[in-house]
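Inspection log for the structure reproduced underneath, given as structure tokens.
In order of appearance the chains are A, B, C and D, and numbering begins at 1 in each one.
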Amino acid sequence: MPRVGFVGLGMMGGRIAGRLLGAGHTVTGHNRTRAKAEWLLAEGMRWAESPRAAVEASEVTFSMVTGTAALRAVTEGPDGVLAGLGPGKVYVDMSTVSPAASQELAGRVAERGAAMLDAPVSGSVVTLEEGRLSIMVGGDRQVVDRVLPILRDIGPTVTHVGPNGRAVLMKIATNLSLAVQLVAFSEGVLLAAKAGIPRETAVEVLLHSVIASPMLRYRGPFVLKPPQEAWFNVDMMQKDLLLALEAGRELDVPLPTTALSNQLLTTARAMGLQERDYATVFTVLARMSGLEE
Amino acid sequence: MPRVGFVGLGMMGGRIAGRLLGAGHTVTGHNRTRAKAEWLLAEGMRWAESPRAAVEASEVTFSMVTGTAALRAVTEGPDGVLAGLGPGKVYVDMSTVSPAASQELAGRVAERGAAMLDAPVSGSVVTLEEGRLSIMVGGDRQVVDRVLPILRDIGPTVTHVGPNGRAVLMKIATNLSLAVQLVAFSEGVLLAAKAGIPRETAVEVLLHSVIASPMLRYRGPFVLKPPQEAWFNVDMMQKDLLLALEAGRELDVPLPTTALSNQLLTTARAMGLQERDYATVFTVLARMSGLEE
Amino acid sequence: MPRVGFVGLGMMGGRIAGRLLGAGHTVTGHNRTRAKAEWLLAEGMRWAESPRAAVEASEVTFSMVTGTAALRAVTEGPDGVLAGLGPGKVYVDMSTVSPAASQELAGRVAERGAAMLDAPVSGSVVTLEEGRLSIMVGGDRQVVDRVLPILRDIGPTVTHVGPNGRAVLMKIATNLSLAVQLVAFSEGVLLAAKAGIPRETAVEVLLHSVIASPMLRYRGPFVLKPPQEAWFNVDMMQKDLLLALEAGRELDVPLPTTALSNQLLTTARAMGLQERDYATVFTVLARMSGLEE
Amino acid sequence: MPRVGFVGLGMMGGRIAGRLLGAGHTVTGHNRTRAKAEWLLAEGMRWAESPRAAVEASEVTFSMVTGTAALRAVTEGPDGVLAGLGPGKVYVDMSTVSPAASQELAGRVAERGAAMLDAPVSGSVVTLEEGRLSIMVGGDRQVVDRVLPILRDIGPTVTHVGPNGRAVLMKIATNLSLAVQLVAFSEGVLLAAKAGIPRETAVEVLLHSVIASPMLRYRGPFVLKPPQEAWFNVDMMQKDLLLALEAGRELDVPLPTTALSNQLLTTARAMGLQERDYATVFTVLARMSGLEE
């Protein structure tokens, strides 16, 4: 069983690393803030002082960071991922970044004799813990085959969607529906609420109907009671929508409902709601409906 | 067990009547075109020459027609539903009509000593046949309780959402998400397709992700291969969106993604696609993306 | 010089009647509330006790009311316009109503041997008083020619756009730009304002630029200082947008920016701003931008 | 009278330089392609081999290039504008670029002891030649005062809107209305056209109405007969909208009609219309209305 490295042990990355530990893998992890990784060290994870160290200790290294800029920060420089890579090694980035940036990074990884995959996940912490995570993978098929057993230990569904950069594009193409579905759901709840139907009833009916996607089933109740801590906040969601809109522009695909939902996220920011879970678009529409929240 | 009447035996109404027959109910049905009801007569349904006759032969009569105008046609006049109603009878309309019209009709039913419920369903023919249909009910609770056993024989989930007219409002509030979710899904598929990911792969990934609502799971594949016959065509979908937009206006609820999706359905009509399943909004966006179909 | 009747002497209708008096015409006028017409009686207008009486006293009768329902109220019944019409008379409706309703009324006018024109105006009270009003006319050309001298006394520009009902359609097609232009203008002012440019400067620059339509030149300053009394309030503007959206649906023309602007007017209503001039969409966007107003 | 430099002698820049020559200024100009400047040399303009040479020969140097990247190309490096600047010189950039980039460049100009203004224009070649151009200026007021006589020789209206970067922001805030107004205008023309009103009549009526901004008066007729050469093509217009949307995101201002119009420009690109004048959004909407063009 190959030794596994993991760079970026935040809310999602940390839980994935934990899942790998649970499945019996030897994991060497690095995080910018060590404190957040203590719980993993307690579960047997080895500590790496840098991204490079994590890569050097492993055959296959994963990373999961917050965006294109953060990916540059962990891959470049003398302590970065690239510096540790060499022939035979595989680097799997699970972050949601610009498809172009991911593709370009794969080229630099190849120059060092290693291979890269982009492998973003669809789903949340809850989906992961329920063991229902979907992983999309971009890169060469034989490289995918080599790491498939590890990927299957993270989530059961692994789909090879195409060459480097395509998986992250596919992730972005998925995530635009997260925002749009929640906006439409909110329109429905508010219509019902202003007609005198209790919000709880409206949410219950909607979540037992054919529109109830897994995302709506766990996030829909947030319109009744926001979570104490955002799983995916307005800024994170908007980051993904901006990647989608950028790709739409480059590929000449009009994205009308994405563009409109993005404007509602901007409205959320303007209303001071940027750190809330993106389900707060409900609050935006509620205020636009004259309901003070 | 009360005798059941059924007015309007089209694609959905007919199958619901069939399901009631299958559960052992005595059903007396009427349809504008008798030929379409032959299969139900073969399964034991009794024929009524008019809506009124169906009501007179039954304690509880259902109707399922195509809209507000059709509802007027079957309820008014000497052969209509109203003429047959009297004390002790219950009339359950399952059509998607204007909430105001439904509420007004309930008043006229009450004047005749009978009681009305609006009980639209959420779901398609497939959902019905899988025994997973949700029914929303508007009206007095004690009336709901009386017909509950019959409703449960149609679909397992029955939710009382409020007084008369509220269930149909709730249905409309649900259906706006059908259109919007499919538009957003199409945006995602086209983004992937123009990035070089095969459409089949894109659809598969999306339908294994957290955005995959039951509706998308059965309708999403239509973007690869349209159904031979539309289950719910552009005109039907637009009828529901117009009811939503009308309600939004009356209740002062802005519905931005609904309004935009409605414009794409108008575009579908302008492109000559009005008789296709509303999943053809994918075709609209594909043409807007420069992909000839 | 033919005698002129005038039904509906409100803010706009009254001023048009006044202009006709000023040009030397004999005007017999009727208004639901006589008090509002006192100033015209003082200027020599004759009073008619009913729409029918105004028509009977005149060869050419104008009407200017608030919508399709009001038009029915003044044209039907024993005291209505229709009852007074007969061979040789001309009836010119200047109201903004449904094109279909206008066309149907023209048919009923023809049945009485008279002729009807729809002749809505483009422009406001200010445009009228500056003598720069545009009038669109729908109906038979020879009828238009007969009343042309009177129309020219109202506004200098008279354009025959087609048969009955087309002028009011053209008016609606014009008015959708009123709302959309003001929304876009507001987006620009708010962008500038949040970048630290004084609102007064932003408005001044925009109103000296190539986007400054006559409408924006008089209405743009309202974003700095709303008028004491609305010239054209949110409800009136929304009435016109709904007529446009209805026509778009019937004629299969997608109207995306109209649909979106209409949702912002609904937002204005929800925020309690429905009686303000429609320039209050600026306030809606300002609140959505986190600027409390 | 200070000697004037001019970098970037394209369609607009060249005509501005020509206007300065016509007003009696000594102009030293540089353009990437000398051939395009021959007509100016014939009118007395002196040639500079590089941006730096133009700056060195002048007290006040203007530039007018196609965007942020082009601005970098002419300002940086040993032959760039910055290299030629020094104490007492003024640099006036008239390009439409990112406000942040403009502001940052102003800082570097100041480090060399010179002063910079951003001075974009509102209007087209036609507006310029009619002598009705508006110039917005960002920067220190005393610097503005120094170059005011030259600016007035370009266009009559000069407005100081604030510190560095604000004028270009104001320009962007203006230009979003160009696109939106033309989309709304197209919606109106198509509504009229599908109701049977000749397009020529519809355009004429709209251009005599209160919505007829100067921009619509010259660009509106393009929906009847596109210009042989685009004055401002889809890509240029989209560049400006993207700057607006970027600013909206940074400043938390929702720009719904801008976002939607931008999606229609993407649709134009997808339909292969990117090199046409942006008035081609009419063609996009016409195709969406089922009218083949």
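Quick note on the criterion: contacts are C-beta pairs under 8 Å (C-beta built on N, C-alpha and C of every residue); 3 or more make two chains touch, one makes a residue touch a chain.
All figures in this text were calculated on a predicted structure; none of them were measured in a lab.
Q: Kindly list the shared contact partners of chain C and chain D, in label order.
A: A, B
Q: Quick check: superposing chain B onto chain C on C-alpha atoms, how many degrees is the rotation, to the nearest 5?
A: With C-alpha atoms aligned, the rotation comes to 180 degrees.
Q: With centres defined as the mean C-alpha position, give me the chain A-chain D separation in Å.
A: Between these chains, centre-to-centre, one finds 40 Å.
Q: What is the distance, in whole Å, between the centres of chain A and chain C, each centre taken as the mean of its C-alpha atoms?
A: Those two chain centres are 53 Å apart.
Q: Quick check: what residues of chain B touch more than one other chain, meaning two or more?
A: Within chain B, residues 248, 252-256, 260, 264, 267, 270, 288-290 contact more than one other chain.
Q: Looking only at which chains touch which, which shape fits best: line, ring, star, complete or other?
A: Drawn as a graph, the chains make a fully connected set, so complete.
Q: Under the definition above, what is the set of chain D residues touching chain B in their complex?
A: 256, 260, 267, 270-272, 284, 287-290
Q: Quick check on the complex: what are the chain C residues that touch chain D?
A: My answer: residues 99, 122-124, 127, 134, 136, 157, 159, 161-162, 166, 169-170, 172-174, 176-178, 180-181, 183-185, 187-192, 194-198, 201-202, 204-206, 208-216, 244, 247-248, 251-258, 260-261, 264, 285, 288-290.
Q: Could you pull out which chain D residues touch chain A in their complex?
A: That would be residues 238, 242, 248-249, 252-256, 259-260, 262-264, 266-267, 269-270 of chain D.
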